[in-house]
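After this come two complexes, each holding chain A, first together with chain B and then together with chain C.
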Partner chain A sequence: MKDMIIPWDEDTDFGTPAKEGKPVTLTIDGFDVTVPEGTSVMRAASEAGMQIPKLCATDSIEAFGSCRLCVVEIEGRRGTPASCTTPVADGMVVHTQSSKVKKIRKGVMELYISDHPLDCLTCSANGDCELQDMAGMVGLRDVRYEAPEGAGLANHFQTRTGAGEANPEWRPVDASNPYFSFDPSKCIVCSRCVRACEEVQGTFALTIEGRGFDSRVSAGTSLDDFLSSDCVSCGACVQACPTATLQEKSVIELGTPERSVVTTCAYCGVGCSFKAELNGDELVRMVPYKHGKANRGHSCVKGRFAYGYASHTDRILNPMIRDSVDQPWKEVSWDEALGFAASKLKGIQKEHGRRSIGVITSSRCTNEETFLVQKLARGVFLNNNTDTCARVCHSPTGYGLGQTFGTSAGTQDFDSVEKTDVVLVIGANPTDGHPVFASRLKKRLRQGAKLIVVDPRRIDLVKSAHIKAAHHLPLRPGTNVAVVTSLAHVIVTEGLMDEAYIRERCDWDEFQDYAAFVSDPRHSPEATEMLTGVPAEELRKAARLFATGGNGAIYYGLGVTEHSQGSTTVMGLANLAMMTGNVGRNGVGVNPLRGQNNVQGSCDMGSFPHELPGYRHVKLPEVREIFEQAWGVEIDPEPGLRINNMLDAAVDGSFKGIYIQGEDILQSDPDTKHVAAGLAAMECVIVHDLFLNETANYAHVFLPGSTFLEKDGTFTNAERRINMVRKVMAPRNGYADWEVTQLLANAMGAGWDYTHPREIMAEIAATTPSFAGVTYDLIEEKGSIQWPCNEAHPEGTPLMHVDAFVRGKGRFIVTEYVATDEKTGPRFPLLLTTGRILSQYNVGAQTRRTENVVWHDQDVLEIHPHDAENRGLKDGDWIRLASRSGETTLRAKVTDRVSPGVVYTTFHHPDTQANVITTDFSDWATNCPEYKVTAVQVSASNGPSEWQEDYSAQAERSRRILPAAE
Partner chain B sequence: MLSSTLAPSDEEIREIIAGQLHLEGPLLPIFHALQESFGHVPQTALQPIADALNITRAEVHGVMSFYHDFREVPAGRHVVKICRAEACQANGSEALAARTLEKLGTAWHGTTPNGAVTIEPVYCLGLCACGPAAMVDDKVVGRLDDAKMDKLLTEAGA
Partner chain C sequence: MSPDKMVRMANQIATFFKTQPGPDQSDKVAAHLRDFWDPRMREQLLSYVSDGGEGLDDLVLSAAQKI
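What follows is the complex of A and B.
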């Protein structure tokens, strides 16, 4: 039984997916094996440590039974069934190595090899090829198939036939994808790529064309190549391919990697685990890690392929300083740069007071680095002037969920989606923003779960291959609260709420107040239809489905938070979940899709000006005391300045210096002109980044940053999962980011002496109750930990609020709709909303410096054909986009994905500067900017706006670097 | 066989697709309807079919290419299918086919330059007792020899 099972290597491919079911015991080659019902014989054998040869099976996809290499004999059954498609049965007796099956396997293998080139030594998959392994395993020693006299043997791999003519069966390599190539001559047509594209990724871009000997893998139709097909370059096919047919170009160029390090992707908030595979310190490829609990072996084009920015020539590797921003940069030593920065900051504090400088932490950096940056403000600057980019994305999530449930984070893990029955996606576009989660969601939808999409735009989830939303509520931007309250109205007035749950888990009196509020006829879908543009009947059906369809899960993104009523919408969603009894078990919950890799962590680490690590207010003396004890300083009891307040204060002249780690506020924050004015008014702007980003145009000190490949630490993803980031190579700039912050602190006299991020984590654990049990040793042991992790939850907490809400009783908060002050009018009749696309990431600093630009090389404005026609605009025209704040130009894309009256663009490219357009309206509770609603006008244009020209001239001037003095 | 000289319009294609959507499993009926109207299934129809059925054009291509009878380009005015299955081979169908192709100056699946005849292989017409056999448009012909084939081709205008 179990004790006979030999330990397997962590990369073992079990052939077919794991199943859940009651235990079944069978005998394989004389050994008893117990596995869950539904498991294949192949997997059972593999779990017992006996590998059955296979080609078309791999454990990320369901069995297919086409290669016939895995045949076995089963006592009492006729023939030789394929072990991959045969489920186990109690008492079954299996023989995997009878002389009969060995002979069949050799014959099968011989046929495969007869149509495969024998160039193993020069093949890019040499040493990493399952076909090679299987030929070895079955003991194939000879291929007997010979060409008939005077003719060649029909095959797919020789460019010429035996007679010297062009081989009509041969096809050239398709190298159209920038990251991997498809070489049909090496294909064994096992269909693993096709099935991975369908089952794992859910894109269905691949197929097998033809039949019999003519069968070939085809991306799209016969007129397509990989690039023109529906392929999203997630890499699932490359991962599944057993041969060199689908192969990373980096492996073809650099060779097979010899070592690997498991680490965490530094793109979005899904937090996928990857194996960085290297030769020496040269990164050969990133491979999704099978045991990563967020991604379960899947990846997207960014994490898997877009790491080239780490070695891009634009990367700055030496510190630089200058006295004023119209001067060119001067490269200097670390000592000189840090001394220069420290003396400037100290000088400012001396002259303008302790609160005249501040920091901005990065959601791209590790928890440990973020902790140190806010510690720099609180423990060295002695003020609370710390803020983070979460301000501009998910600060309403922290506030809204904190108020209603008691924790500022999502309630579930990503695995939970596998148990959900009705999914409400609001203000999120997972297939572009959180692609790996989207694949897991789509898989569940294909199994029959229902989907409700609330979004002004027809996102891919509304209708794409094999997916169709039951209801799409295309609301007018800015009316989220009205829609969410109307959903609640239908649930309450039609009596669909879960009263028992509410009575047990929530404050019943507050619910009564809330029920009375939402029952008011002015919240009915019929009453709000005029305002929101959502058909009342559709909204009613959606509400009924969500309330009665089984496990209901809410997933939301920045389309909820980046509004003047962002926090209100978050509370409204929490109300919906509570009133339908959808918090506290698998398959339900309220799940923010976090934008950046460590935006959850940067919030947890006390980046906000009013909160110490662990979301504890700085005004609380008992909390301050913990840190005062630990750090030996007095903590300022007054909350500090938020980013926008810092910029306002800078313009006013009371805020003079800032240290910005890994964030490009000039490009990412709203109202670019205001940001530029604020930065220009400061005396010392220190930018700590990989590249001379847009903010650096206004900087006096540039400290080169390190990539996620070059440091140790942890990232916390949207599931509250603390994942390990491991140093796979030495920092090219000399120091990891946490070291740079420490050097700056020490230059100001702090005397810190951390030698490894694990010491910083120990300090976090010692001071922050929700992290009390977190240690590097525990993360190493468990792979990852979801906070809270403390005495009550020693192994972390996958699901929150299981028996009771963290705050005690769940709290219903009244959600009155207040229209934003940003209104359309005769001059600005359209509403602009913004978003992202799959291949680019946020401001694009990383992805623009990779081959990902083949999919998206400029931001375009999506506009409805009706609005375009009114303005005489055609697809591809240059247009001028103007708002009350400013104007820019870009090209139009005419599409009915957006409703009439709504236009949409992305903000990935600095030359577009979409944030010149956005206003400085913001969330009432958290100041999260209202990126998602701007009243605009669109008109024809013939070139860049004056601002764009001035801006690019200034940027060019500001990026000059003097050659280093010899 | 119809063969439209004009490229089918998107509108015509959409109409034909819509006409089959009420069926269970409408993909093959859509192919048949398109081929009946246009003499082939135009490549431009694949994406509209995919959109209508909420699948991808790769899947549509995969199904279509599986069935040899669905054409990507229109055939000639007449289609001659020569049997290459075992019984006909035993009666000399390979030689007959080789000569036919040579005479017409085309390869399998090819069409004569004047657009009169397309030659295709077929694997058994159920006429094994009368091989070599062929099918001209919808009519089967048995006991073929070179002379009989020439006559058929002349009648077809090759």
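What follows is the complex of A and C.
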């Protein structure tokens, strides 16, 4: 019950999960307790402040009832039921501490301890072990089991038996996972790990093998260790384990932490909340925060374990400058570096005009930092040349949803997936890209929700443990619009649309036009089959399922946006949702899965060259006036340059200087040669980052950045949730990133005087209506807030478009398929599409500097066996991958996950340079690059290409650092 | 920007608006260009149009009069 006072701290483990249901009142040890129906007696007692001893129960997973430590007596019932598996009933009278149950518990405990080593003082879980706690709680004082004469007690923890022979029951520690170890000698076989892997993570990597005394936890088959099993290293089992059996290696090495700070993951757009646990300023471990509303206590391998980059020796901690990029770097003071940068930028503007310089904001930095970087362009450079890496991922979402619904915001919160009945996943690979969301989705699918996957590749969701997609539409890359329009064709021509909803919520006339358009037989699945490669019957079934299966939710990713028709596909998805009445309540909606942690936030904060914060076009005088008042400058009314336009303008000579915060455009943006040419043509490139990234090879000024552990601020995740980032330790480089931007602005004469990011948030709130109600105090109080947060929604907005669309009536927009100019032909007969994998993140600058490389130490090219055979290629061969833009080499992985004619790779490693291959084609509306379709040829090769060799030589040269002059 | 690239980008925009119902397609193309192309890009387009505008979609040519 909500109004119940919880007398324990926020980490209290209630033993079993919370339930929803009508109130039930019972008596526990003389106290009346009211809880929702379905709650266990254990949880009810815990909520009332009475902890019942337990070992096999924990509140992240369903009760199992195996240890019998939690027995209680219930008046009128026989025996001693386990409180974790017994649901409450009205009028029930429970006694948790009768002499009978106390005796049973002692007996249970004694049995456990008899097969457990007694080396508590040197155990890595000392002080953080539930077995210890429970032994104490039940008052266990001695263990009476005695070994028979001449032999030992059968046990799992001694390497040798009493008779001096090797103990057949003993197993060595499995330390194969780089982040945690498994010591079977300490296992109590409570199966919490197994259930966490199943229920929380959904991977089913663990089993209990054998029975009775022989039963033990096993990762994969008996031949596997943790690393070779299906384990994805999410750490849920480690967190669930009550003993030291599954333990973080960092805890084994550094000891148990004594303080903790709640903060937000800086990797993907799920935005998981974590407790950073420390000793002093030494980070010991990251534990997903139970009360984090995006992740509900779960995480993936990146957020939980891959933080080692923060203390990696490659980090640059001192500012550096150089006059030209063929010189080595010179370490200088902050003053000198900033003075150098400012005078260069000012000189360029003087000579080449106001619009000759610009900025790139980072989707990895905080909202406050992004706001300042765009303010630097608008308020100090006095132009709108600001863009962000969201350009290359979700800019079509902004345009497409803006046009149809009136706001680019995703419509739901992540909790919404728990109420959905049919999920359409298109152009996204959540198990790799958005793992914690994927775990929550899989949980819902195991409960019976149906899944439709539209993707050229057979992604893991299509079929994995206890999950099978109802329909997989393996479309040819580049034909999204044709498939989405065909889905609409089926829904409209078969009369499956929700007419009442459309009449009430949408523009009916526009719907008529749209219906006439999609009903044309040329959009039928039979007509588009040749083009898309999707079997017509399967597409029809998928459309029917989506339209009639209950709450339908659409989740999409970069496989939708990164196309020449990216914006059109987004509109098509919005059309699908509107025509089936699937916007405006729980369990439905159109949900962009954002790539980087703060993509949403960086867009909200006005990073785009045509929009001031809050998605308001710079042409609008009333909007400009707000900022002119606040900043005392005149805002340029003309849109600025987008990233690719900046590079074009640089080559043309009209754009000469750039400040890039926390992005590596040389590695992440398409057509590397073009990016390199643009950067090389500039007179002042300022890179502000943690490492000498690839872009820095072309930089004149390097300003060291700070990690998310070293600063305060906020990130906004894919559900518009503003989460707090809290400073866990002092910045190793001396300044948080917002301070560095402020120093640069002031070196140019801005006179800013922020002393804390909360002041920046106050400025955002004062100028941006959707953030009007946001303050640090409110975020502290609520834990997180979903914007819009203003007078109309003082506590934020979990669901968008509840009674009406933001723009009023939802708009149906005609979505004609236009083939991309990127076509296969005799020279380049295959289509390359790109993606990412779980253990690495984006350009890999962070994850490559952690142990995550054990899962992915190089990019490989997935190719269908048929295409491989035609070319005489075998698994693991070096191959040459060429497009009309360039060529590179990497190793082949032969797999039928990709269809014939399609090849696939990731772009996490700079040596591979997958973007040498991608072209400069882009979305028609937003110039979002077409990463997902490139015509290529694949052939045998025996080593790195000429470009790779030149490139690494150039990179080597440009990374030289001279020692600081004294 | 190379003329080829500019022509392609402009034509892509025209191709979308051409498919939209209504009589005001060239206004829509012009508005899109005004909203998203920085002044130097629009100037490049205009000077290309006055040089003959080779390869540009008719809709771009008529929109160019309105930006």
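Here is the rule we use: the second predicted complex is superposed on the first by the 959 of 966 C-alpha atoms of A that agree within 3 Å, B and C clash if a C-alpha of one lies under 4 Å from a C-alpha of the other, contacts with A are read in each partner's own complex, and residues count from 1 in each chain.
The working rule: contacts are C-beta pairs under 8 Å (C-beta built on N, C-alpha and C of every residue); 3 or more make two chains touch, one makes a residue touch a chain.
Keep in mind the model is a prediction, meaning the values are calculated, not measured.
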item	value
Chain B versus chain C as contact partner of A:K463, first or second or both or neither	first
Contacts of A:K290 with chain B and chain C, given as first, second, both or neither	neither
Partner chain in contact with A:A649 - chain B first, chain C second, else both or neither	second
Which superposed partner A:L641 touches (first chain B, second chain C, both, neither)	second
Touching partner for A:S222 - first (chain B), second (chain C), both, neither	first
First (chain B), second (chain C), both or neither touched by A:D230	first
Touching partner for A:H156 - first (chain B), second (chain C), both, neither	neither
Contacts of A:R211 with chain B and chain C, given as first, second, both or neither	first
Greater residue coverage of chain A in the superposed arrangement, chain B or chain C	C
Where chain A meets both chain C and chain B, residue numbers	none
Residues of chain A touching chain C in the complex	355, 384-385, 513, 517, 564, 568, 609-610, 617, 619, 638-642, 645, 648-649, 652, 654, 813-816, 818, 821, 920-922, 924-927
Chain A - residues contacting chain B, complex	203-211, 218-224, 229-230, 463-468
Complex interface listing, chain B residues touching chain A	43, 46, 50, 54-62, 65-66, 72
Contact set on chain C toward chain A in their complex	1-2, 5, 8-9, 12-13, 15-16, 19-21, 32, 34-41
